[in-house]
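Labels run A, B and C following the written order; every chain starts at residue 1.
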Amino acid sequence: MWQQREVTLPASRRGFHLITDYIERALDELAPVSVGLLHLQLLHTSASLTINENADPSVRRDMEQHFSVMVPENQPYYEHIYEGSDDMPAHIKASMLGSSLTIPIKNGLLYLGTWQGVYLGEHRDHAGARRLLMTLHGES
Amino acid sequence: MWQQREVTLPASRRGFHLITDYIERALDELAPVSVGLLHLQLLHTSASLTINENADPSVRRDMEQHFSVMVPENQPYYEHIYEGSDDMPAHIKASMLGSSLTIPIKNGLLYLGTWQGVYLGEHRDHAGARRLLMTLHGES
Amino acid sequence: MWQQREVTLPASRRGFHLITDYIERALDELAPVSVGLLHLQLLHTSASLTINENADPSVRRDMEQHFSVMVPENQPYYEHIYEGSDDMPAHIKASMLGSSLTIPIKNGLLYLGTWQGVYLGEHRDHAGARRLLMTLHGES
């Protein structure tokens, strides 16, 4: 059984944001699978998806700080600068972290560790809403 | 329905290369699926696959520049140096970016964002052709 | 056909470890598929999975060295410091490398390149055993 649906993540400020609840609510609107995989594809090149700690917000803040140190703005060798100083670093971070995730499903629910949550990495300073494609397959 | 086929990417110079057209042509040779997922596995440890901006070539050049700053050659702590100064950085970049991708399929086509394309990251200075395994599954 | 099973990776010291044999043995305990995909999800936020060179152990040592240079401990901007100086870098490395992999299967075996192996990245100094969820689907 295959199900595919595009959803919209509301605009977020630059940084990492826990979107597990949002994904779970969108999953609830699909027919449940007992065992399967949920594939998430962000349809953008300056934001990312990753799995990390779902408890302390300081983890998300430290990730934002450190990714912005590893991938600084205004490097002298950047040629792609006409979309703003945050744009090229956003592309690089999107590839370092990835724009898709595949998450195991059991009994209709995400099967993740106790401390795992789904993050949206928003790498632009003034981004709009983000399109996310969900593809669910499994056995009912 | 499952289909699996190995294809060959011609040798590329070091850097990031848009291979969306190549993937689409290889996909056209498989039986089409209406909804599904295409898994791509590069069978090498010094090249990578990633999704990023499909328009301006300067994005690919800036990515090459910045990954080579984050992962420099000739670090004093590298022990694995007998395959050339570009080899160990190539292994590290391959793991930072990843050697596989899973791409959603709809009506026989890649379902990606308007500005998204598939990149090969070639991290060696003088690489040969690269083997790529395609695994397609979905419903027809 | 879907199969899902949780297995336990024994505690490892900090660094990168080849776990291909372990994955192959666990795969042998599932019903074989002729063509399919094996999804691996680490149920933790301070360790990672990646595919890299399966031969020379110096590659794993150089990766550990270089990731610890790219993501140093005790950065002045880290707020999340109460779980030890290795904790926040471990979270960042887990997202850079990823906590899941999807590996192609052919005739019941992992379909990887000659030089490819599966690595566990253990990013904590004193971690315990790690839970790994295997989800296998394919045709028999």
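In the analysis below, contacts are C-beta pairs under 8 Å (C-beta built on N, C-alpha and C of every residue); 3 or more make two chains touch, one makes a residue touch a chain.
What you see is a predicted model; the values in this text were computed from it and never measured.
Touching chain A and chain B together: C. Taking CA atoms, the transformation carrying chain B onto chain C includes a rotation by 120°, reported to the nearest 5. Under half of the residue numbers at the chain A-chain C interface are used by both copies of the sequence.
Note: centroid distance chain A to chain C, computed from Cα atoms, is 20 Å.
Of all residues in chain C, those touching 2 or more other chains are 70, 96, 98, 102, listed in ascending order. Those residues of chain A that touch chain B in the shared complex are 2-4, 39, 41-45, 70-71, 75, 77-80, 88, 91-92, 94-96, 98-100, 102, 131, 133, 135, 137. Across the interface of their complex, chain C is touched by residues 35-37, 50-53, 56, 58-59, 61-63, 65-67, 69-70, 96-98, 101-104, 106, 111-116, 119, 138-139 of chain A.
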